[in-house]
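I am attaching a structure below and will ask some questions about it afterwards.
Think of it as A, B, C, D and E in the order they're written, each chain with its own count starting at 1.
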Amino acid sequence: MLAVTTNHYLVLSFLLFTIGLFGIMARRNLITVLMSLELVLNSVNLNLVAFSYQLSDLTGQVFAVFTITVAAGEAAVGLGILIALFRLRETTQLDQAAELKG
Amino acid sequence: MSGADLLFYLFAALALGAAVLVVSLRNPMYGAISLLATFLSIAALFLLRHAEFVAAVQIFVYGGGIMVLFLFVIMLVNLHRMRETTKYDRQTPLAAVLGVLLVALFVTVFAAASFGPPLARPEVFTAGARGISGNTQAVAWVLYRDYLLPFEIASLFLLIAMIGAVVLGRRT
Amino acid sequence: MRELLWLIPVLPFAGALLNGVLLRGRLGKRAVAWIACGAVALAALLGLAIIAEQLAGGHHEPFEQELYTWIPAGPLAAEVGGLRDLEIGMGFLLDPLSAVMLFVVTFVGFWIHLYSVGYMAHEEGFQRYFTYLNLFMGAMLLLVLGNNYLVTFVGWEGVGLCSYLLIGFYYREEFPPYAGRKAFIVNRVGDFGFLLGLFALASTFGTLRYTELFARLAASPELGRAAYVGGLSFASFVALCLFVGAMGKSAQIPLYVWLPDAMAGPTPVSALIHAATMVTAGVYMVVRSNVLYQLAEGISFTVAAIGAATAIVAATIGLAQTDIKKVLAYSTVSQLGYMFLAAGVGAYTAAIFHLLTHAFFKALLFLGSGSVIHAMGGEQDMRRMGGLKKHLPVTYWTFVVGALAIAGVPGFAGFFSKDEILHAAAAEGQWLLWVVGLLTALLTAFYMFRAVHLTFHGEFRGSEEQAHHLHESPPVMTVPLVVLAVGAVVSGFIGLPALFTGGRDWNLFHRFLHPVVAELPGGVGEGHEMGAALEWGLVGVAVLTAALGIGLAWSFYGRGRGLERGRAWAARFPFVHRLLVNKYYVDELYDATIVRGTWAAAHGLHRFDAGVIDGVGVHGARNATVTGSLLSGFFDKYVVDGLVNLVGTVLALFSRGFRRLQTGYVGNYALVLAAGLFALVCAWALLRF
Amino acid sequence: MPFDPQELLLLAPEILLSLAGLLMLLVGTVGRGFGHRESAFVAIASLLLTGGVLVRLQLQVPGPRLILAGMFVIDGYAFAWKVIVLLATAVTVLLSMRFLEEGRYRPAEYYSLLLLATAGMLFMASGATLLTIWIGLETMALASYVLAGYFKREVRSTEAALKYFILGAMSSGVLLYGISLLYGAAGTVHLGALARGLAAANEAGSLLVPLGWLLLAAGLFFKVAAVPFHIWTPDVYVGAPTPVTAWLAAASKGASFAILVRIFYQGLGTLRLEWQWIVALVAVASMVWGNLAALTQQNVKRMLAYSSIAHAGYVLIGVLAVSEIGLWSVVFYLLTYSFVTLGAFGTVILLERREYAGETLADYAGLARRAPFLAAMMLLFLVALTGIPPTGGFVGKVYLFAAAVQAGWAWVAVVGVVTSAISLYYYFGVVVSMYLKEPTDTAPAPLPARSIRFAVALCALVTLAMGVYPGPFIDFAKTALLPLP
Amino acid sequence: MFDWVESVPILSIVCYLPLLGALAVVFGLRGDRPETIRKFATGVAFVDFLLSVPLWFAFDRQGPLFQFRESASWIETIGVRYEFGVDGIALLLVLLTTLLGFLAFLSSWSAIRTREKEYYVFLLLLQTGMLGVFMALDFFLFYVFWEVMLLPMYFLIGIWGGPRRLYAAIKFFLYTLVGSVLMLLGILALYFFNGPGILGWGGLGNEPTFSILQFHEIASRIPPDLQLWIFWAFFVGFAIKVPMFPFHTWLPDAHVEAPTAGSVILAGVLLKMGTYGFVRFSLPILPDATMELLPWMALISIIGILYGALVAMAQKDIKKLVAYSSVSHLGFVMLGLFALNGPGVAGSVLQMINHGISTGALFLLVGVIYERRHTRLIAEYGGISAVMPRYATIFLIITMSSIGLPALNGFVGEFTILVGAFDRNWLWALAGAIGIVLGAAYMLWMYQRVFFGPLANAENRNLPDLDRRELAYLLPLVLLCFWIGLYPKPFFDVLEKPVEQVVRAVDPEYRAEAARN
């Protein structure tokens, strides 16, 4: 039970994933939300690496590399959007960006 | 419980704790630092799973690149003005409930999932072609041989990220 | 010559076409009159010529002329003969029965046309009037000449339409159009039955041709006696349905209410349509269908009973009427009841005989009353008349002849026909019917002579102006009176009962009609032999009754007494008087059930639609269907559409709900996504387990 | 297995398009006098050239062929989607020309992003592993986020980008998580092997399989804007620059369906009895929700966004049939829908003014009097969206419903037809404004932009042609062949 | 004399001539010259009518069921063909359409004074759509025309209608669309059953086709439970169009709000598409389902008859009254169809024509006074036969035709229908006959209130009588009323074959009977 198995990684990754999701859902600060997104993406890497180990297959690791790449790209664009928003609104509060609705 | 297992629990706890801090700290600067802690813990967990290369990339890209980016932006947009007037949305309880439900659902499944013995062929992680050893080489071999196409597409992706960041960040 | 049979109905139609459409508004009154009367005259002459040819040629077979296939409506699983095509032709039939009718219609019709030329001379809408009248003649001739039920029905409805138009001739007033519509709709109720009968015949035999139908029924009566729908035999069902039609057209209880109101039309119209011809169509139809009725004993008795009831009820109402035309109208209803009484007991010949004589004397009476009304400047109330004898001698004498005829005074036409009916009832053993008939005769004699006295005898009770104005009608009106008066006397002699001729069969009419009303074995109307003494006795009673009626009338209204004695009697029996004056409150009953019901519903629905209620209030819609229609309008608006709109409302509600979910906050959206994810997993789990 | 460099030649269309995007970026930054018109011209030219190369390639290598170590597949299916995506993007370029000019935004980066994103779509269409597909998808998505926020001086555009980004990244995380589970269960990311592996794992009762595909499906549903993962759609569609919206609704939706169908048919083919029900539910929910929410919309762009959700539902009907007819109907429908929605948004663009004026129903009042042909074309598009003949929309819907009826999913088709009848109500809200209302003074006159008008007319023509003589188009859709599970 | 008809694609010509006319108007004529447009469009409609007349003479009564066949490939890849052809039923409806269409054009000259160009374009398009529906022998093609025709009608109501036109137009469109899309599913089910098969029912494996004739062929091989499903799908589509109770509420709204020409075409032709659908598709293709549902269909037909009549009675608006009377009359048509015997079906088809003529004429007549007084409320009139005698006469004739006075067309239809119904179940005929009585009541009451009584309303004192143009579009209908009333044989002759085909296809009793003979 205590011996670490793939199951442990899965559980941990899902907990991280959920914390990330919670951050996206609950926080109003855009920058925190962006960080939560990174959490979500990173949790997947745990999965991939754990499965890679489990399966003795490098695909998971390669996939994780791609994931990291994508996370980086998304962070860049996300922060770009944040800056654009900040320029217009002088805030990074998400509830200030709710003009579109209905 | 082996030492490796102990390390797992340690880093797992670290990662979780830091992650919780990320979503709960009011100050984004502290949040960013907690995020860094999470990233590093996860890198450590990678190491425990024979993913040395990924761990390194994790540290370089996340700890280096992404974290700097975050911190830079936090500075740029002037930290104190980023304080949330109210930290959480009104729907937070709902989000929490949903989170708990999801966790309950998935974790039950994950905990119960049965796998065979792991690491049937450990040589995969270290043995590249022609006897070259080491995880980096092994990953590189797979990456550039089998996954060359996604790799090339990833370059497109990064190009787009670059253009995007420029377009959005550029002062008009 | 007889190949021209089709031309007989066409001629009046052509007249109507000329007057009503082609030359409308371009002719003087004289030309209009020539066209209209000419068309009828030609038809009458042609009819006589063809009948003569038929008689002279000794053709015993009826002459049938099928012009073309009218409705070839395809395959039908007819019960007789299996799968066959329903085919209905357009054609004419000349047999003794239609010959009699043809003669009555064209002959009486012509004289009434002629009379109308004078009567309507000063009315506007002269051309319109004659258009309608010609149209009516055409339709009536179709009715009597049709060789199948459907052609008859065309005429049947056609005369109904013309009746509607002519009753409503004075369309600028409120009442006549209303009366016209009432007539039409009440008739439609009857037609409803007629149509059902036709459906039954058509779907059973695949044809509606008289000759074919009756031949087959006569050949195999068991077809008619076979059980059909509603616990009735086939013949009974059809006979009942057809009789419902006859009730409407011939104003029998309970559908007689339209006829008195129909007097709103011009008086010659009343004479032609509502006395002599159209209203007798029901009798004609029953007699025409005698094969069916002979096979339907129960229905025949019903016919007789309703006829008798109508006769006595209408006669009692006639006692108290003061409007001269109303008196005649109720008298007509009563006499029609007489005819049905005859037909019901199987005395078809007698029915037609009475139809014939009645056509003469009732047309005469109506025209006479028209002449009086004409002279009185439109006044119809007998209480304002009196002593017109000296001013209108021709009218007076002809009117008296008519009255004597209807009263059944021996020697006049009515005596023979009425006597034959009473005789038939007695011979059938229907003594109750006989008594009723006799009572009716008594009442008839009474109220007719009451009318004679009130109108022509005593002091003039009208205004000065009217008195000044009194004059005899022009010859164009009096000549028809005289002609019809002659007819009212002599027409009886074609049907002399064997009793009077010492057992020799001089009854031309009987012999003539015999082929049409041949008795079926075991059918209705197998008379019982009565002894000559008993028969003479019955005749005597009838004569005495007539005399009694006339005498009573004289004692009440004669000798210049005017109105007093009548008023005194009315005062003595106020209840009866009120009942009779108000026609047993039948109209009121029909109205009140509806008006009250309508108003109750209407108040309930007031908020819904005040306008409709106004409509109901103003026009006093006389049928319960309005209530129904209000309800169903309500249903449509609130239930059917309401459901639809409800769906719309709910959809819009959903729409707004969905849109409210779109709050604009990213956090909410993320929550929705996560919830969606959770839902997806749950959905899968539910479907899986 | 080492790959043959020769195989790179088979990537000619994708490479060509990527290079065009790069070139556009370089020339646009460096070159002087390289303005809107020129950029657009180059963009269209490169798209058409790519298309040409693609067709030629398809003629030479028609059959299914896996190349590049099984990462990339060349088959009729991919070809069909690529054609749709390229056409849609080309029309988008036409729609963008005057619009960018009006907004005074730089064309080079815009077209560059557009072309690169399209290249990503091409990769998606041809992706034979979850990894290829996913990275292509991310490429497209990232460009979409930027494009949605391209009008960064407009608050709404930035807000749209923000929402699209956050939710997109989140869903992409979900999708990725699903992929990781599937990988764990099956041990591979190659679609063909995945199907077998999943079947085996499923047999063994591994619950990772359902969780994996459910998460993956959720991510895909997000991309095609199906309920309940549609929530981003209205805001993003309204906020994004309208040509981008049109592109999202046409090309992006098309590419997303391309991978959705490929993944469901190939990768998850063995599980179809399980996912058919889920797809059915999502389809029904999308049709109902999309159409109902659109009922009370006054903003035309927003209404079209909801309609786009509903249409995702209709297309899913074809997906769940799991038959050749279903496959073809999906392709055919998205072909039609691309043109229709591009045309409709094109009309919106013509009426739009700065600050997004001219989007509400009131702005369409009396358009039939002011610009009869424009109104007539808009009418045609709306009719097509409703699914009334003689338009491609009708044939497409018939095709979809036919697939469902044949496959025994008639009840879903019933929901489809009923909701499409309901959709008439809001589509014809626009018609009412255009035809039955009197023109008002405030209503904007249509932009005198020839390129956009041309694009709209083109779309109208195609829409009509697909309705009146759909044969060739159906034959085109029939080139999309996948081995059915 | 009419041999040339065989050598040209006459049906296509008749069908598309209005479309060409519409295109010519759109591209060739300027909107600011309404006079020219009006004359041109009417001319096109007239030529179309003239072209359709030879069909009547060239139609071989003894020949094959469907004639003037045209066949071309269309969407080959899914088995859709361009198939035109008419049998006796369709022939009559085509003629009715071209005639009423032309008269509707003529009646619009004075009624429509705004946006003439669009008006005539839509009217022409509508004409093409309706003709196509009756001519198509491919189910897909049929459906295309069926839906295409909705649009112009929507605009006719929506642009040139009365005050509540928006509501009425969208209601009309929505109702009919809901019905028709469900019908589409039924069509698809048939298609697959004939072709590759449907999950759960299998299929016959024939060449996939939408050919109506093919569906007629395979009718008896469709399993009854599938037939029921398809029947209901068709039912919704057709019943809404007819309209049958309780799907009728779009009708009064649409009728009342539509411009005169719209109402004429709506009542005269559009409603017939529903009944045509029943007789062409539901009955012969789904015989088992039809037989099973017979009593229910008859029941709602009868409810329709009585309900329509009762509601008509409560109306204050002449047009609305006529609209509800349509519900009632169409109930007769449906009753006849479901009587499923010669007279019933033949009478129904004839009654479709009759209703087109007399209700079309009624709407034209209502339009006449509406143009003069701009009101259709009965209470606004009264006694106007004094000022408009010709009008009153024609109105009377049409009224009589509508209430089924013998010697006019309505009677022939109603009588045959009810004979047929009686043969099936005498209670049906009983209920129907009550409907006739009610019909007389509400029509005559309306007639009386409008035409008789004192001429109270001063505004009615100077109403001009019918002018020559108005007579020109009314008289043909009056003449038709008499023709069909007095000599309907030519019509029955044309109907004989198709009716027999329908009856034999559906009722097993007739099938057996026919086999025995």
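Quick note on the criterion: a contact is a pair of C-beta atoms (placed from the backbone, for glycine too) under 8 Å apart; a residue touches a chain by one contact, two chains touch by 3 or more.
Just so we're clear, the structure is a prediction, and the values are computed from it rather than from any experiment.
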For this session: With one step meaning two chains touch, work out the least steps from chain B to chain E.
Result: 2
Problem set entry | Set of chains whose contacts include both chain D and chain C | A, B, E
Seminar exercise, completed: Highest contact count belongs to the pair A-B
Problem set entry | Chain separated most widely from chain A, comparing mean CA positions | C
Problem set entry | Chain at maximum distance from chain E, centres defined as averaged CA atoms | B
Exercise. So which chain ends up in the middle if you average the CA atoms?
Worked result: E
Problem set entry | Inter-chain centre distance, chain D versus chain E - centres from mean C-alpha coordinates, in Å | 42
Exercise. Quick one: chain A and chain C, Cα centre-to-centre, how many Å?
Worked result: 95
Problem set entry | Centre distance in Å when chain A and chain B are each reduced to the mean of their C-alpha atoms | 7
For this session: Averaged over CA atoms, how far is the centre of chain C from the centre of chain E? Could you give it in whole Å?
Result: 37
Seminar exercise, completed: Among all residues of chain B, those touching at least two other chains are 89, 91, 95, 98-99, 102, 106, 110, 112-113, 146-147, 150, 154, 157, 160-161, 164, 166-168
Problem set entry | Sites on chain D at which at least two other chains make contact | 131, 135, 138, 142, 145-146, 149, 152-153, 161-163, 166, 170, 211, 234-235, 297, 422
Problem set entry | Inter-chain touch pairs (all) | A-B, A-C, A-D, B-C, B-D, C-D, C-E, D-E
Problem set entry | Residues on chain A engaged by chain B in the complex (per definition of touch) | 2-12, 14-16, 18-23, 25-29, 31-32, 34-36, 38-39, 42, 45-46, 49-50, 52-54, 56-59, 61-62, 64-66, 68-77, 79-84, 86-87, 90-93, 95
For this session: Spell out the residues on chain E that touch chain C in their complex, using ranges where they run on.
Result: 246, 248-249, 252, 307, 309-316, 341-343, 345-347, 378-379, 383, 385-386, 393, 400, 405-407, 411-412, 415-416, 418-423, 426, 429-430, 433-434, 436-438, 440-442, 444-445, 448-449, 451-455, 486-489, 492-493, 495-496, 499-500, 503, 509-510, 513-514, 517
Problem set entry | Parts of chain D lying in touch with chain A, wherever the complex brings them together | 131, 134-135, 138, 142, 145-146, 149, 152-153, 155-156, 158-163, 165-166, 169-170, 172-173, 176-177, 179-181, 183-184, 187-189, 234-235, 238-239, 297, 302
For this session: Under the touch definition given earlier, write down the residues of chain A that touch chain C in their complex.
Result: 21, 24-28, 33, 94-95, 97-102
For this session: Mind listing the chain B positions that touch chain C in their complex?
Result: 89, 91, 94-95, 98-99, 101-102, 105
